[in-house]
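Shared between the two complexes below is subunit A, which pairs with subunit B and subunit C, respectively.
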Partner chain A sequence: MPLSREEIEEIKSILSREPTLEELAMFEAQWSEHCSYKSSRRLLRLLPTAGRNVLIGPGRDAPAVEVFPGVAVVFKIESHNHPSAVDPYNGAATGIGGIVRDILTLGAKPIALLDMLYLGDLRDSRAKWLAKGIVKGISDYGNRIGIPTVAGDTWFDSSFNTQPLVNVACVGIAKTEELVRDRPAPRDAILVIGNPTGRDGLLGSSFASKPLSDNPSEDIGAVQVADPLMEKILIDSILELARKKLVKFVKDLGGGGLTTAVAEVAADFDLGAELRLDRLHLRTELTPLEILVSESQERMMLVVDKEKLADVVAVLEKYDVPRSLIGFFDGSGRIKAYYENKLVADIPAKELAKPRDIWRLSRPPVELVKLLNPVSDIPVVSVAEALDSLLSSPNIASKKWIYEQYDHEVGIRTILKPGFGDAAVLRLDTGDRRGIAVKGDANPRYTAIDPFNGAANSVAECYRNLVAVGSTPVAFVDEPNAGNPEKLEHFWYFEMMVKGIAWMTNELGIPVVGGKVSFYNEDYRGRQVKPTATIVGVGAIEDVGRVKSIDLKHEGSTILVVGTTYPELGGTEYLARVHGIEAGGVPTPRPSSELRNASYIAKLIDDEIALSVHDIGLGGLAVAIAEMAVLSDIGVEIDIEKIPHRGCSRLDEILFSETQARYFIEVKPERVEKALELASALGTTAAVVAKTTGRKFYTVKLGSITVIEKHLDYLRELHEESLRKTMV
Partner chain B sequence: MPKIAILKFPGTNCDEDVLKSLREVGREVRAEIVWHKDFRLADGWDAVIVPGGFSYGDWLRAGAIAARSRAVLELPEAAIKSVPVLGICNGFQILVEAGLLRGAFLPNESGRFICRWVRLRVDNPKGPWLSLAKNGDELHMPIAHGEGRYYIEESDYKSITSSSPLIRYLPNDNLNGSSYDIAGVGTEDGYVLGVMPHPERAVNPLLTPRGFKPGGEVIFRSILYSLKSGW
Partner chain C sequence: MGLYRVVAVVSYRRGLKDPEAETIYRDLILRHGYSAVKEVRVGKQFTLLVEAESPERAVNYVKEICDKLMIYNPVIHELYVTIHA
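And now, the complex of A and B:
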């Protein structure tokens, strides 16, 4: 986003003179939406960011929470939507690179990656090309740097045909006392390490802060090129530097490049800095302006005490890390950049780093009312055929084609692997029973229909997924992906999504410790993509030997449903996939039921009553129980007359409603009584609704009438092969 | 006590996993991750493991650059001195590129990277890495590679098939299209072994998915046993 006329006037008054070209470029980079949060900061203050476990909240490159005494988890989310729309392979790959470096800045060891991909309709050739390139980019980069990609979320919708959303998250661990978080001080050295700086990614943040042009290939110069080998070397060397306590502070040279890295540190610690731009190692000859705003990847800034400089250099030598000593911090409060002894920029750090908030106005779109009204007269269709259609829907079908391209095993921590659990589970280390659960979620359809409740449901979905595997949710990070903040109706979606996230996280009592905001997600005609609120959560697990997967464990088990089902077909996968309707409001968020049912699930897992647990999400309970059966090759028979509901009058309402706060649990018959007792003690709705059988069939009964009966092999083929068939 | 070197190149990423799994199998094992610049065979290593990853970013071909590093150029000496060498995944590719093992690697038939647990069978187990395995043993481990299609000329295959240790994918689990279902191959004496699947990921039952058993353990148990008691 180029600077506005008002902003240029403001810059003149900050400097009390005309800015140089270099200074203008620095302001443009730093004051971009991507770097400065100028439109979003006011609303982001609504999020609950504090908590007992929060070690570092928003503000640094990544937040940190203490999941166990002395054990910190550092995790963060990032979007690479715009670059991925232009060059899907490099755009997605560099997204991974950036988020990993954010985690490294605190000296934490990255142990897991997540990818939340909101892709176009695969019948569209460009959308398919983008989807394949994005997956390949993540696969090649993540695999090469040796961090397992263990979880995520994938969604397909034609609104993402030209502008996909690529949200990636990284999770790292560190001993709390080993986190790198000293205060930079005057006379500390500024080292830039990693790739030589080139012309790629010039003003990339500014590019990400405006709509795409109608010919996306024109923006190719703003996309960075990925070099995973350099990233891997940075990981190895920075972890060694952190372990030896040789660096005071580390920052990624990401969006805004050198300008942002130096300005933010100087502003945060009341410092200034003197930079010698001609000392930076370059790939090709660059002007001082280009050096200041290039976003070449795999570069980081180290703040080092002068005394330790030699030790730091020795470690960098070992790994052959390219490096330049480009200057020192000082007490001046100003960023002064020299090029061959000529002063090219002289800007007060705080004014550069923190532009004034922009008070954006919002207005709900008029056509929204139509989306919120309940849909009446939904035609009656065969629920058996509807089930087939749902299981093969790319949003529901197995994502094997994607996650098998990711090395999800490296690190030997992945206890609950992709496809097996509602969340991924990683052990902290060999010989340690403790672990963490991680998951990312969003539902673009919900947030497009009702951004407040839709975003609240994303939070709840993530929460349930963490609970279902047997973890205690600890913290979230969020990424609202919205349209153009200058457009009142687009900004309204952003505002409502943030408010929905704030409301639900407050209700659940889980802090949002960090995140990222992505604006300008619109196509060249100015239509916003489905606004999407992505949530990534981390949960703590005392004993990874007791986590729950979704596959059924035994024949002859009893299955209970937890939670009450309401006739909530609005916004569901069923309504969209089978009836082509994306309206009717969204399922009501139910925070108090979420809390109650979660503590019930936790109790059942603690007391070793639950054999398997599955959250009921997209596609409703008909899909959830089919997934449990197909994965285990154990038959099920469910009687829908027994499902506790309120107001459902049709089969499809019971089977496909996406009412929140529900789970399936598998229990040994002899423990059923205990399970029901606990439910009534906790005030939770739970009922016996199904059993597992020795027949390899999925059977839905209404009392004595058989409503659906399908062989598991048939359903497995639909569920496991549909996406692959579409992709190849 | 015997000591094992785990060779690390820029881009190696399974070094720590190998170290941890070795320690999980034998608590008192002396194993160390050795940066390639610091590796000297003369330092008295009793066995060398070249772990997986993407050494030098797979530039040129997987394993091609590391195979020409000083550290790997010392390895033929190891074979002469009877120091056992194991290459896992990219380590296998490096040993093949270095000419220590026969064959060559091609991109997977599907053209895509694949990470999945597979079933394997051991033929002619011999040498220090397979001393505790029995002929025909079924082993389970995950694969994770993009260039894992092992290729060998028919004549070469005929010369090793009855004499050298081989680890094969069960027919349905040959996902990359390897010749003769070969997942791992050794020298005739079995001192040098290369395996494409990851034994270090298949040591702990906690990490083993339903329907599989941790089949990598036997390789680590074998080497610890062999170094102690011979083979």
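And now, the complex of A and C:
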């Protein structure tokens, strides 16, 4: 987004003179939405960010939480939506690169990646081309830097045909005392390390802060080619520097390039800086302006005590990391940039780093009422056919085609393989049985219909996934992806998503320690994609030997459903896929049921009563129990009459409602009594509804009547092969 | 009608970074002393045997294939199509 007339006036008054071209470019980069959060900051303050486990909250490149005494987890989410729309392969790959470097800035070792992809309708050739490129880009980059992609979320919807959402997250671990978090001080040296700077990504953040042009070839400046080999040596060298305590502070050169990195550190620590731009290592000859705002990938800034400079250089030399000493911090509070002894920019750091908040107005779109109207007169269809249709829906079908391209077992930490757990579970380096669970979730349909409740449900879904594997949720990061903040109706979605996330996380008592905001997700006709609130959560696990997967374990087990089912078909996958309706409101978020039912699940896992646990999400309970059966090749028989519900009057309401706060658990018959006792002690609704059988069939009964009966091989084919068939 | 061997080469557009080429140049070519080499570019080559009325038509046919089937991304790649001599 170019600077507005008012902003240029403001710059003149900050400088008390006409800005130079270099200065204008620096302001444009730093005051872009992407770097400055000028439209979103006011709302982001609603998020609960504090908590006893929070070591570093929002503000740094990445937050840190202490999952166990002395063990820190650093995790963060990032979007690369706009770059991925013009160059899916490199756009997605450089997204991975960026998020890994954010984790590295605290000296944490990156151990896992997550990818939350909201892609177009695969029947559209461009959407399919984008989807393939994005997945390939993530897998190539992740595999080459040796970090497994362990979990994620994938969604397909025609609103993402030309503008997909590529949200990626990285999880790192460190000893708490080894986190890099000293205060930069005057006379500290500024080193830029990594790739030589080129003309790539010039004003890329500014590019991400406006809609795509209708001719993507014009956006060439924002394209960056990924270089995973450089990233790898950055990882190795920075981890060594952190371990040896040789660096005071590390920052990624991401959006806004050198300008943003220097300005933010100077502003945060009441410093100024003197930069010698001609000392930076370059790939091609560049003007000082280009040097200031280039967003070449795989570069980082190190802040180093002068005394330790030689030691730092020795480590960098060992890994063959290109580097330049480009200047020093000082106490002046101003960023002064020189090029061949000529002063090209001289700006007060604080004013550059933190533009004034923009108070954006918002307004719910009038058409929204139609989406919130309860849907009545849903035609009665065969629930057996509906089940087939849901299991083969790309949103529900197995994502094997995607995760099989990822090396998800590098580093042998992965305890639960993708597809087998509601969340991924990773071992820590602590030499004992402790671990963490991670998962990312969103439901673009929910947030498009009802952004407040939809976003709250994303939080709840992520929370349940962490609980289902047996972890204690510790913290979230969030990424609202919205349209154009200058449009009142688009901004309203953003506002309501943030409020929904803030409300739900506060109710659940889990802080949102960081995140990212993505605006301008609209196509060239100005239509916003489905606004999407992506949530990534981390949970702590005392004993990875006890984690629960979703596949059934034994024949002859009893299956309990936890939680009450309500007639909530609005916004469901069933209504969309089978009836072609994306309306009717969304399932009500139920924070107190979430908390109660989560503590029940935790107790069942602690007491070793639960054999397997699966959260009931997209597609409702008919889909959830089918997934458990298909993965294990153990038959199930469920009786609808036994399902605790309130107000349901139709089969489809019970089978496909996406009521929140529900789980299935598999229990040995002799422990059922104990499980039910615990439920009533905790005030949780739990009921015996199904059993596992020796027959390889999935059977749904209504008392003595058989409503659905399908062979597991048939359902497995639908579930496991549907996406692959669409992609090849 | 004749049979023509058509070669299509897809590489990164000039000005864009070419990490694979840079690595080959730096860590292989220069390291082994071949300092007369000033630049390396890397690409992907496709050779197609095409039946066409003329060499020009064969070339255009292959260009069309590359465009329509999204064999390359015009935003980042350049395409070079020629008749194999």
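To be clear about the criterion, the second predicted complex is superposed on the first by the 726 of 728 C-alpha atoms of A that agree within 3 Å, B and C clash if a C-alpha of one lies under 4 Å from a C-alpha of the other, contacts with A are read in each partner's own complex, and residues count from 1 in each chain.
Simple rule for what comes next: a residue touches a chain if its C-beta (ideal position, glycine included) is under 8 Å from a C-beta of that chain, and two chains touch if they have at least 3 such contacts.
Just so it is clear, the model here is predicted, and its values are computed rather than measured.
By the touch criterion stated above, A:Arg590 is placed in contact with neither subunit B nor subunit C. By the touch criterion defined above, A:Asn90 reaches subunit C but does not reach subunit B. A count of residues in subunit A touched by subunit B and by subunit C gives the higher number to B.
Once the two complexes are overlaid on the shared chain, A:Lys248 sits clear of subunit B and of subunit C alike.
In the superposed pair of complexes, A:Ser296 makes contact with subunit C only, with no contact to subunit B.
In the superposition on chain A, A:Trp129 makes contact with subunit C only, not with subunit B. Residue contacts after overlaying the shared chain place A:Leu229 against subunit B and subunit C alike. Applying the stated contact rule after C-alpha superposition, one finds that A:Arg445 touches neither subunit B nor subunit C.
By the touch criterion stated above, A:Thr414 is placed in contact with subunit B alone, subunit C being left untouched. In the superposition on the C-alpha atoms of chain A, the part of subunit A touched by subunit B in one complex and by subunit C in the other spans residues 227-229. Taken together, the subunit B residues at the contact with subunit A in this complex read 10-11, 13-14, 16-17, 20-21, 23-24, 35, 37, 53-54, 56-59, 112-116, 142, 144, 146, 198, 200-201, 203-204, 206-207, 209-210. Subunit C meets subunit A in the complex at residues 12-13, 15-19, 23, 70, 73-76. Partner subunit B is touched in their complex by these residues of subunit A: 136, 139-140, 143-146, 227-229, 232-233, 318-320, 403-412, 414-415, 417, 420, 427, 429-431, 544-545, 549, 551, 632.
Taken together, the subunit A residues at the contact with subunit C in this complex read 86-90, 125, 129, 133, 195, 198-200, 216-217, 219-220, 223-230, 283-284, 296.
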